[in-house]
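Both of the next two complexes hold subunit A, though its partner changes from subunit B to subunit C.
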Partner chain A sequence: MTVPLEKVGEEMILNMGPQHPATHGVLRLVLQLEGEVVKRIVPMIGYLHRGIEKLCEERTYIQNLVLTDRLDYTAAMSNNLSYALAVERLCGIEVPERAQVIRVIMAELSRIAAHLLWIGTYALDIGAITPFFYCFREREKVLDMFEMISGQRITPSYICIGGVRKDITPEFLEALKSFTDTFETYILDYEALLTKNPIWLSRTRDVAVLSREEAINWGTTGPVLRASGVQFDFRKATPYCGYENYEFEIPYGTNGDCYDRYRVRMEELRQSNRIIKQAMANLPDGPILADVPYVVMPDKSDVLTDIEALIKHFKIASGAFQIPKGEVYSSIENPKGELGFYIVSDGSSRPYRMRIKSSCFVNLSTLPVMVEGRHMVADVVAAVGSIDIVLGEVDR
Partner chain B sequence: MDLGMLVFIVIKILVVFGLVMLTVAYLTLLERKVLAHMQVRVGPMFAGPHGILQPIADGIKLFFKEDIVTKQADKVFYFLAPALSIIPVLMIFAVIPFGDKTTLFGLLKEPVELRITGLRIDILYVFAMSGLATYGVVFGGWSQNNKYALIGGIREAAQLISYEVAFTLSIFGVVMVAGTLQLDKIVEAQRNVWFIVYQPVGFLIFLTASVAELKRTPFDLPEAESELVAGFHADYSSMKFAMFFMAEYASIVVCSCLGTLLFLGGWLGPSILPPFVWYLIKVFVLIFVIIWLRATYPRLRYDQLMKFGWKFLIPVSFLNIFVTAIVILLVR
Partner chain C sequence: MNKRELFQYVRSASPVTLEGARECPDCVEVRVDAKDLLSFMRFLKTNDVLAFDLISDVTAVDHYTSRKPRFDVVYHIFSLKNSQRIRVKVAVDEGESVVSVTSVWRGAEWLEREVYDMFGIWFDDHPDMRRILMPEDYKYFPLRKDFPLEGIED
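Right after this comes the complex of A and B.
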């Protein structure tokens, strides 16, 4: 790719990335610098493009699930959920009560995992190294729980079309309980290191400000939007998975700077923990998968003993099933913002077209608005970090 | 000067050099261990029990690494820079005293000073040398012809100008109270009260400015990992990189020694322990504080660092000198 900027006079063109410790993956930023002040900034993306949307057209709806894990790999459960909800709406599948609650638990756990990763790496960007290890200590526990129920830590593919793949175990509930009981005190640990630290404040306050109007006009979602003072959350606006039954607040900021984004995410950790506690208290009994023949995989133990189930399993696995013709768009509140799936079905077992709406991509496009003309190189790092991008989702 | 004296001085130089290099090597291990335990980790564990051989392994590895010289580098300064950064730091050790006069537990007939040599203007010499050390970093950053390294070098130059002034001014108070520029005399002047009691503000300014001098968190802008990748030593490898690294850690030792000598009473302490041990304890307390800062604070921004230096530290150090002078006048 060529450099999109031209050097004027004493200015310097600095290429940041695609291999740079602070660009969180393979983002490439081209900066036009005057001294250390950033005159212009051009984010260049596409280094992690894997053509997931196109790949989805070649695979069945069941197989596509594992591709969604690889979008925002810090919160794979949420991606699974968003995709599953879209396909379920297309087929009109009603998900059992118990599965809904388990989905909420998993979505919130993945939000915690994603935000912990963000806090740790963001502190690392600003130069504080200790919060990273503290955050990873707790993130590790969440990933261990994911492993406990799905066998995978990063790419669980646990939430599937029609429900969840396996029922949760008593051991999992025990681990979850001890995690939720102690998590609040750990949040205080991170806050003790950062929230009132004068250097942290001076590095994040009034840095990379995105005003309320700009945030709305650019179509940002998630913590970036909320930090700019818009109290909007898909969990409240268009509840899914029974989010209307839980009590939680939507934190929001007032200035739209890096510090507000940090505060919003910190508070979201607490709210997620609160939601998980409520979900655990009201975990209903019942099936975990909807009984929809030829779309939802039958139980594995039935497959081994029952010929009917075996035939269903075989037909689904070999792609011999049909999804009703139609179009659907469904989106959820991912840790980063709106993650939406637009699916066009031509009635076969493979999507005719699938489009993924990524909040990371939209939020990243506001970077020049935040930084150009008023900030220094160090602030670019602070701004990129505060947007919380995952290149897997930006490039898709 | 007879031959015996010459041999004696050479032995002293070798002993000090060896000890400094050993301390520098094990400082890296100490830093990794202290940081690790503050960050719920254990640090190096595999090279020897509790990683005790890790510095040696690191040294061997660095020694055998390929020495890369980039095409665009300005060769003369590129080769000169690592040496320029470490030699002045090592030269400072020529005047640093490590303890009182001693007979080494009766081994020697006459008591000897635990230092290589002394000047009448020790402190002036120390500042001259520590100012020189910056050239290594600036030349290193500039000679690589690498944009990140250049920014690192510029930052270092700006940082030095802002902090060297406060660093020097912070010690004026001590010099005024002690009435001498000789380090051993300054320590002797603290026989009754350590100067940290008379000069608490001076000590805090000294600590802050020396952390900035050392390019360590929260003032580690010249090498800012997350912004400039590695800053001024981006294109250096093998022993050239190791020399920058050793210079950095040797300066930590120098600054801790100076802090101990000027503010913490040097080797003075209750006679339950030998003076040299007291000295070591105090030095390592200061080193620990410097490592501790790294585990706690994020990094300042370039303009904030300058603002802090010029608009806060320097006025406060002038005020400190002013107040000290008035008090001395009144007391006399």
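Right after this comes the complex of A and C.
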């Protein structure tokens, strides 16, 4: 791929990636350097492009669920949720209350898992090795809980159209309780390692600043937008899954630098923990799947014993169902920002067009604004990490 | 401002004639003519009541042979102030171009590049119109309906 950069005088063109540990995947950055100062930076993406939007047009709505796991694979549960909500809105399906609360628990757990992965690897990029081990210790616990409930650690496909695939078990609740009870003290551990660490401060403070106006103008969402001083969260602005019933704060920063992005995410860990505690305390009884026979899969145990359920299962799995004609845009607050699904239905069992709006993609486009002319090569690593990109979602 | 108020306000205050406006279950949807796009988008952003300041998404839908003009370019814009979203659609035929909205929202830059990359719709006055996901020498536009799922071998 040719690069639209020209070397002038003593300048130098440096290629960073696509195989570079600090780019968290296959991101290629082309840097135009004058000495060590970055004059221009051109992100080159598409190395992980799998054509998920095209694939979705050829598969049924039920099959597409597993593709959403593979977008932002650090928070697959949230992706499932966003997709399920979009299809439910299209069909007008009301999800039972118990399933909604379980969805909130799962979405917040995946936020914790995603942020822990980010803190660990970001600190590793900048040179602090210890936080990685601390963060992954707790992340393992979250993944173990996912495995307990869905049989999968990374790609659970647990939240499905109409509710959740299986009811949560007492063992899961027990594990969740011991996790939420102790998690606050672990957050203090991470903060003790980083928040006032002078090396950490000098590497992140006033680095890759994005002003409030720039952040809005560039369409960023999630922690990147909040760190720039906008107190905005889709969970509060356009509540879904009953988020209006939970008490939590929206943390936000003032400077819009890497340090503020770190502080925002750290505080979000606390708020997520708080939400999970409230959800556990108010877990209602009742069904976990909406009773919409034409598109919601029956319970697996019924399929094994009941002929009606078996027929229903067979019909839905083989694509013999119809989704109402229409279009919908639905988005949620993913750990990285807004994850939106725009689905155009022509009345068949396959979407006519399915667009995935990825926040990582939009947030990454601000990288030149953050870095060009202001920073040196080493700060590029700090800047890229602070945006928190997952190339699976950038390239789709 | 709720969705109904927004819908009525957009219809009455719009500086350009709307080809269509309806209240969808998810948001308000407006269709404008391609020549009016930029002035309508400026209105959405700069109007103090609406304040559509955050661009959510730019994409396209290929209607292939079922409709002429062939494509719809679809914009989703969010207002932080009102917590409301609007969908703006512009019809464009194969080979025609649309004016870029990067002068209104800078965040449209990569989103429009992706639309060009996937559908072959050119955006005028765009600061950096190149392919973004596919290789630069790629000849096809993969999200068009006439592009097969398994790809085309060179």
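The rule is simple: the second predicted complex is superposed on the first by the 396 of 396 C-alpha atoms of A that agree within 3 Å, B and C clash if a C-alpha of one lies under 4 Å from a C-alpha of the other, contacts with A are read in each partner's own complex, and residues count from 1 in each chain.
FYI, contacts are C-beta pairs under 8 Å (C-beta built on N, C-alpha and C of every residue); 3 or more make two chains touch, one makes a residue touch a chain.
Keep in mind that what you see is a predicted model, and the values were worked out from it rather than measured.
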- Based on the superposed arrangement, let me know which partner A:I129 touches: subunit B (first), subunit C (second), both, or neither? first
- Query: In this superposed model, does subunit C or subunit B come into contact with more residues of subunit A?
  - Reply: C
- Message: Per the contact definition in the header, classify A:R355: touching subunit B only (first), subunit C only (second), both, or neither.
- Response: second
- Just subunit B (first), just subunit C (second), both, or neither: which does A:M376 touch? first
- Message: For A:D233, using the defined touch cut-off, is the partner it touches subunit B, subunit C, both, or neither? Pick first, second, both or neither.
- Response: neither
- Query: Just subunit B (first), just subunit C (second), both, or neither: which does A:W200 touch?
  - Reply: first
- Message: I'd like to check the shared interface: which positions of subunit A are touched by both subunit B and subunit C across the two complexes?
- Response: none
- Item | In the complex with subunit A, residue positions of subunit C that touch it | 24-27, 53-57, 59, 61-62, 74, 76, 80, 83, 85, 87, 105-111, 114, 118, 128, 130, 132-136, 142-143, 147, 149
- Message: Under the stated contact criterion, what part of subunit B meets subunit A in this complex?
- Response: 35, 38-41, 147-148, 151, 217-218, 220-221, 224-229, 294-304
- Query: Which subunit A residues qualify as touching subunit C in the complex?
  - Reply: 1-2, 4, 45-46, 49, 51, 53-55, 57-58, 89, 92, 214, 216-221, 230, 232, 237-238, 326-331, 338, 340, 342, 344, 352-353, 355, 357, 361-362, 364-365, 395
- Once bound in the complex, which stretches of subunit A touch subunit B? 12, 14, 20-22, 36, 123-130, 132-134, 137, 193-194, 197, 199-200, 202-203, 376-379, 381
